[in-house]
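What follows is a set of structures to go through.
Same chain, two partners: chain A is paired with chain B first, then with chain C.
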Partner chain A sequence: MRMRLLMAAILLPLPGAVQAAEGERVQIRGEIIDTWCYYSGVMGGPDAVTGTAHHTCALWCSAGGIPVGLLGEDGQVYMVLRIEGDDGSAGGDMQLRLASHEITADGLLYHRDGLNYLVVEKVVTDHGITKLNHEDYGPVPPFAIPEPKE
Partner chain B sequence: MRHFLMTLVSAGMALPAMAQDFSEGSEAKPWNLYAEQPARFEARVVDILCELTGDCPADCGGGVRQLGLLRGVDDVLVYPNKNAQAAFTGAVVELLPFCGRQVEVDGLLIEDPDLGAVNIYLVQKVRAVGDAEWTAANRWTKEWAKTNPEADGKGPWFRRDPRVNAEIAAHGYTGIGVEEEKPFLKELFE
Partner chain C sequence: MNWRSLVLSAAICGLASGGLAHGAERHTDPTTPPLTDAVTPLPWKIGGAFELIDHTGAARSQVEPDGRMQLVFFGYANCPGICSAALPMMADAADILETRGIAVTPVMITIDPVLDTVGTMGPALAKISPDLVGLTGSPEALAEVHAAFQISFEKIMNDPQHGPIYAHGSHIYLLDATGRVLTLMPPVLPADHVADIVTKYAKI
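This part shows the complex of A and B:
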């Protein structure tokens, strides 16, 4: 009994220690989204905060340092931490350039406390912006596109 | 043996707690979001990429990487997606000065399992554990202005940001192309 308790105690994580783990090799196809608008519902339902309707806002959020995610074909969000050696996950150039793009990503998947995290090692294919929903929703938010000056 | 286990527990090695209510003592302002809950808790500011993969620069990435809050009471990694400004701005600028330190934060937790939103956080204020003074998590736009002096002018930062404007100039507001979206814009403002 003592030995079991001792082993159980030893197996508990050390406070403050980095719990690095091996990632799972995956290939995921999906859209690069801004996660705050998607998760919070601040701009409406999930369909309205993706695609061309939301592209300008996706640029703002990405440049503003809001985390980007890959919204997979399976409906899961994968929080992107690195893209091809660029670890600029807080406003970096690579993620900004890919805002709203559908990509096929090859990389390593990690799970932690209910969220999926993805380290993209290679963008296998950049399919471009494929979700054309601006005619359905208009710009989201409505002020994303300023009225032209006369 | 009992003494040994008690020592471990007191050192913070307790088993993860079940889902908890972190609203006690919170002074977070509501944003009237569907799944928000006020939440005030103590945590350590960590570099998420480091935490997961072991790739750990000394300064948490110096502001380019996303930061997390490793909650003290249950060792859960909370992901601060947002700072306190209603301006399309994240939380890294607010948390970076506290890299590796124990902090207390107050803000809003977003828990919407239908969307997969778990342990998502909007930080409104932060202070080092033991400090009396809070720092409001609203510094992002001032820091942006310092690093983008050429974009000085009227209007919100996101209308003046050089990188955003370059993307829009190249690919349009919808991303489908400047010429391609012209009929849509014409109809939008008719």
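This part shows the complex of A and C:
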């Protein structure tokens, strides 16, 4: 559920430069996703690159520097700029811990160039990994889980 | 080695073995929103003046010497992670923009001046694209530019194959010819999407 708590957005004409400003206070519920695999489509369709099927790869990608996103219940992707004290968009301990988790996030939303950017100020609720699709898809991609060397 | 290092090791193995670049098979892309003029200024003041050295040894500031717009990414030339996806995408976007009559220089500013020197950066970047400009400098000069762009990074480990491995911020900044930051973009966008965003700013 997305709740608009406060319309604090300052909508200006196209800016000449990036400036500090207030965002729109929102609460958004959704899954922390691997944005590379979600947008590129190289690992499978949107349903296969979320949930438990894609959990291992999501860890890899986040650790490799790929920003995480929040796939909201409204189907929108919110690019996460920061989560609580972790001042990065990828690879931080918080980003790794929340990979594939469904969360309710409270934060500030920014719109730019047709994209949504979210600064998560607080993870209100960590619902855990709720999308259990590994039995449908197996690990996506299969090489996400290395074969043990003999 | 902690669990995070293990995960990153797996990441590097996966990315280096083609986790990012493989993908001859494509699937239905998720819906991406159309470009709109809806803009909220971002929450931080980003960017500023810098004095660095390019991969040919020439001094380079935030001002693009030929008056071109700039796509700026922070990373390192032989990074097997997100840089190996972002840098080719930036070069591809610049190629697309050139066909539209918009001149853009893709620029990588290093996060490690020991790893990326004038001698080593050029050949490594040329393998990705001859149009990429690499910037390095003194630790102090780089610290200033990292602070100005609020780039966070952390050395995670030394990989036997790739050397030092960093976790680092990966957004791409669009600068005008004077070095003013116009916007930022996530590195996961396709090149044509990035080109569309740049085109919008080029017309302002």
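Keep this in mind: the second predicted complex is superposed on the first by the 127 of 150 C-alpha atoms of A that agree within 3 Å, B and C clash if a C-alpha of one lies under 4 Å from a C-alpha of the other, contacts with A are read in each partner's own complex, and residues count from 1 in each chain.
Operating definition for what follows: contacts are C-beta pairs under 8 Å (C-beta built on N, C-alpha and C of every residue); 3 or more make two chains touch, one makes a residue touch a chain.
All values reported here derive from a predicted model rather than from experimental measurement.
Shared-chain residue A:144: touches chain B and chain C both. After overlaying the two complexes on the shared chain, residue contacts for A:100 are found with chain B alone; chain C is out of touch.
Judged by the touch definition given at the top, the superposed model places A:74 against neither chain B nor chain C. Of the two partner chains placed by the overlay, only chain C lies in contact with A:44; chain B stays clear of it. In the superposition on chain A, contact of A:112 is made with both chain B and chain C. Once the two complexes are laid over each other on the shared chain, residue contacts for A:84 go to neither chain B nor chain C. Once the two complexes are laid over each other on the shared chain, residue contacts for A:64 go to chain B and to chain C alike.
Applying the stated contact rule after C-alpha superposition, one finds that A:24 touches chain C and leaves chain B untouched. Within the superposed three-chain model, A:136 lies out of touch with both chain B and chain C [touch as defined at top].
Taken together, the two structures place residues 9, 12, 14-16, 18-21, 23, 35-36, 38-42, 46, 57, 59-61, 63-67, 76-77, 79, 81, 87-93, 96, 108, 110, 112-115, 117, 119, 144, 146 of chain A in contact with chain B in one case and with chain C in the other.
The part of chain A that touches chain B in the complex is made up of residues 2, 5-6, 9, 12-16, 18-21, 23, 35-36, 38-42, 46, 52-53, 55-57, 59-61, 63-67, 76-77, 79, 81-82, 87-93, 96-97, 99-100, 108, 110, 112-117, 119, 129, 132, 134-135, 138-139, 144-148. The residues of chain C lying in touch with chain A in their complex are 4, 7-8, 10-15, 17, 19-20, 22-23, 25-47, 75, 79-83, 85, 150, 152, 154, 167-171, 180-190, 197, 200, 204.
On the chain A side of its complex with chain C, the touching residues are 9-12, 14-24, 35-36, 38-46, 48, 57, 59-61, 63-67, 75-77, 79, 81, 87-93, 96, 108-115, 117, 119, 141, 143-144, 146.
Looking at the complex, you find that chain B touches chain A at residues 1, 4-5, 8, 11-13, 15, 31, 33-36, 44, 48-56, 61, 63-67, 75-79, 81-82, 87-93, 110, 112, 115-120, 122, 140, 157-159, 161, 163-164, 167-168, 173-176, 181, 184-185, 188-189.
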